[in-house]
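Paired with chain B in one complex and with chain C in the other, chain A is shared by the two complexes that follow.
Right, the complex of A and B next:
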């Protein structure tokens, strides 16, 4: 049996999503048994220009160098997966898209000439075709296992379509919004974490990005009803996935008003 | 005065639980968790929500504490007993590839202990009977539900403290339980009135230190339950809304609801009669085994109305319309009654406080808006 070849690439990111591979435990051995890992710098193998069947890409496009690398990786990969909030939506660093990047660099760094950065942090899909997006900040091991298993079976991986609230109820968490007036983003967020935050009594931060038919204006109105001012409401939407619609437009509207 | 009612003094209440435990039941009852009253394993009566009262309103649920010795001076929590029968997620069967490559399938039988649930509300029982119709009284019986249902003993509690969102009096499902329980309690200041509904309940009663209920005790209980019904302010615009709703499928109010509705499906998840689920497959990474599971789904999920390339209900307007027209209309033809038992959970636990009774009144109240 010829093993499919995979690569794990890193762009502008914190490395947290790559840990979803390393934290897999026993499944990592099963994975290594079934695929050939050509490139995964954080874990050992380095061959950035290898041709692969599946490329996992972590991180956003944020530098001139990123721009060039992603084109090469796309050319070398049959199936490309954006992994996590940075790769899929620009990440937390896309907050700078709302600011004057050059001014910030000048203000923060003693020798700004050493800083290589684009004005915006952009998702991989702004630059090359992405075959599958895995949302999450960070993604979890099960997302990788399910995806790889589906691809090995030659079936198209199913995107997550549930909202976090549905999983929150399956887990029988008590709704923090209704019982305590906490602001929670669960009703506009994709499931993926299994309702981690409500399970420890706090509202969701929307790590897994906007759900399919998220009614953000309605949630924004509700947050206002809970006592949040426009600035705070904007911060809820313009956070981990600030560049993703419809979070961006709802957040911007509240920011400007 | 009725001869079949007994009185159990408050001090003797623990004997009810210990008798059930000695008879081998896994005992479940209401208790406090994360600011709500939820059902969970009950090892001691000290876990019951003594002196706790609930304040519910559209989109809001809060508890308060008083010095009252009462254990059931509240209406309901986020879930009825639905999760004990129709579990939120369960594996139905497994498949395993043998060394020679064949697939072997095996049923995953749920492990069920005889379970006694204390504190079941009249609306919860009405909902249970509706779920029985769906899961048991069909051509294909659901074996997972059936197994759990057969092991259930129910100690119901009549409602003396309905909350602002309750409207069981208008649906005819409360505040007093008339069927479906082994024993029903009505709580008084100094103890409980007990009534057995079947032999099993009767046998249980015989083991408790009860006395015949006095006329005064019976009158107190009756007053409390009449008062509980009178306190309810909400109601649906009628018991059978089938025609009124289906005549108004183009009513502009559906869109006004959709502007506020998050499409989160919380209403369907807390509704004790909703039964929708989806099924899925979780294969092990080595490709040698797979688990087939089902989990709660909702008519608010994007995939719920998807069939072969078409999504029949693509927007929140049509999704909410499905929820209400099915619950309050379509159920009559399907199960012989409305799918709503008036528990009010969909109102309290809707994060944006959409009120089913108010919306139904608007949609049914205005004339014929059909195309």
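Right, the complex of A and C next:
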């Protein structure tokens, strides 16, 4: 049986999404049996230019060098998957896109002559066609396992982008916003984490990105009703996935008002 | 030595994160000019924390690192709690230790089995290793899973946990949840002994070097969240005084800031911790180690893998001790009352000391932040190590042997996988002449921008940044100009020092400063005394030299007004003009800078 070839690439990120692979434990060894891992620098195999069937990409595009690399990776992969907030939305570091860069200090990471840092931290999809986006900060091992299994069976993966609220209902988790007045982004955020934050008694902070058909203005109004001022509301939308729509425009509207 | 020049590229450094470039030249059987560059595409965490509430802090700093988010959260929340004078409860203190133990177990197990062990058994990856050492690998994965379970118990998930906050935890695990983990911990305790004994079967190279170890130290415990900072060369200081002892400076041609203790590189991490705190470990924890060939304190970096295994054992034991007596608390957190102030947090991340400093306002919003990760502090030591080890290994060996050996040395340090990206390229120049880095030419201008991350003091960095694209200007950013003395003396370029200056001149104006001038009315920038002394020193030492040393101040008015984009751009333009017109002059003519 011919094993599909896969590669795992890293751009500008914290590396947490790769851990979705490395934390699979024995399933990682089982995975290595079913597929051929051509490139996964952290785990060992190194061959960045290998031609693969599936490429998993973590991290955002943040430097000139990244721009060149991603083009090569796209050209060498039949199916490209972006994984995690950095790859799907530019990540938490996309907060710098909005900054007045003149006032930001290069000295913290002063790079006098080497890589130009691009002005923005951008998602992979801004630069190449992405076949599948796995949202999350971080994604979890279940998302990897489900995706790979679907692809091995030649099924097009179709992650649900339902709101977190549905997960709370499934778990019979009492709504923290209604019952405790917590500021919760669940109503506009994709499920995938299993409603972790409500389960520990706090409001969701939208690390899984915008759900489909998210009604952000309505939630913004509700947050206002809970006592948040515009700046705080803006920060709720402009956090882990600030560059993703409709978080970005809702957040920016509140920032200016 | 041969006088041909050989360059080697290692496309990707496997099993170490980091885009690194290693460059050195060999002269007369010795290494000269070794430079390890680790690149961090800037993510600007310290900037986008500004203006955010302390309530977002734990969630934000976790994203700095995927395998040590707990460390970042712990350093951060402790810093804020010290500013707010928040008293946590014994329950919170103990469970935070369990939380941290989970991370140590997970991170160390990952490093030992996935990153380091393959080297010592001739394998390229854990997957290959699994074929040779099935039981050891499964045990390693079990330990890693155990670590993740502990973090999940308190944090909901192991990467970017959601359970911790300033004031404690959002949620206390139930007795049942804790009870479920006990058997797994007990298995882990057995595994940790087997792991240490297994490491005794490996052949670790003998490479003893002399270096200073730095770690936290606590009166009773092996250090995690609390303690003072000590070294094996006599340092014993509170975390509040970190900046007085540890100075960062930008090494030329390196993107990371090198951290030095009293001007010397130092080591952080498990080896340093164990060397300095072995007496805080119980006999039960140390028992398996006593059966092996390994002894601590050790100054052989290859023993780091053993130190990690001992720490895994300690962490499992610590978690067992605490969780066996577990009782749910009245409240998993305490009330928090924000107040303005500055505070420090320091904890022992898996890779070493992680130091944070925050300034917050009366609402608890972050005004500014400094975060110093362990890996960047270890860089100077890594360079020192590589130079020493390669010389001992034998520089006449082939480039691929040298490359592999250098990679292995770097792996001992477990450089954090979030702190850098991509490749290690190795450039070796063997020649009888002094090697010249391709990026450094003998002509042009060396601009030393002196500043710090705070307010108007950062203006020199910002203005210098405007000139980044000028090909004949080499820019060094520094907050400690005296640390640049050596490169400033050795360079053959013209040297221009740039510093913020409190003056009555309009903001953004460039003001040449000479030693003959009368000082302006108010004391100048906090660096100016050092900067002027530096200027005087340079001019004295290099009297015969034909190049100039010039000092330019950038006016920041009275230092309290913010500087606009336009002003920075204008100053940058002005600076470019000045530098264009600057000509090498003898030191005697110091009156003007040619502006």
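Please note the rule applied: the second predicted complex is superposed on the first by the 243 of 257 C-alpha atoms of A that agree within 3 Å, B and C clash if a C-alpha of one lies under 4 Å from a C-alpha of the other, contacts with A are read in each partner's own complex, and residues count from 1 in each chain.
Methods note: contacts are C-beta pairs under 8 Å (C-beta built on N, C-alpha and C of every residue); 3 or more make two chains touch, one makes a residue touch a chain.
Remember, it's a predicted structure, so these values are computed and weren't measured experimentally.
With both complexes brought onto chain A, simultaneous placement of chain B and chain C is permitted, the two fitting side by side without a clash.
Once chain A of one complex is fitted onto chain A of the other, the partner contacts of A:174 are limited to chain B, with no touch recorded for chain C.
Looking at the shared chain after the overlay, A:237 reaches neither chain B nor chain C.
Within the superposed three-chain model, A:95 lies in touch with chain C and out of touch with chain B [touch as defined at top]. Contact with neither chain B nor chain C is seen for A:21 once the two complexes are overlaid on the shared chain.
Residue contacts after overlaying the shared chain place A:201 against chain B and chain C alike. By the document's definition of touching, neither partner reaches A:56: not chain B, not chain C. For the three-chain overlay built from the shared chain A, the minimum Cα spacing from chain B to chain C equals 10 Å. Counting contacts as defined above, chain A residues 201 meet chain B in one complex and chain C in the other. Chain C makes touch with chain A in their complex at residues 11-15, 17, 37, 39-48, 52-53, 56, 59-60, 63-67, 69, 110, 114-115, 118, 123-128, 130, 137-138, 141-142, 144-145, 148, 156-160, 162-163, 165, 169-171, 250, 255-257, 417-418, 421-422, 439, 449, 451-453, 458, 461-462, 465, 468, 474-477, 479, 562-565, 568-569. Contact residues of chain B toward chain A in the complex are 33-36, 38, 59-62, 78-79, 83, 88-89, 259-266, 269-270, 282-287, 295-298, 301-303, 315-316, 348-352. Only residues 27, 30-31, 33-34, 145-146, 148-149, 152-153, 161-163, 165-166, 169-175, 177-181, 184, 186-188, 201, 212-215, 218-219, 221-222 of chain A touch chain B when the two sit together in their complex.
The residues of chain A lying in touch with chain C in their complex are 10-20, 22-23, 25-26, 28-29, 32, 37, 41-46, 48, 59, 62-63, 65-66, 91-93, 95-96, 99-100, 102-115, 117, 121, 137-138, 140, 193, 196-197, 199-202, 205, 207, 232, 235, 239-240.
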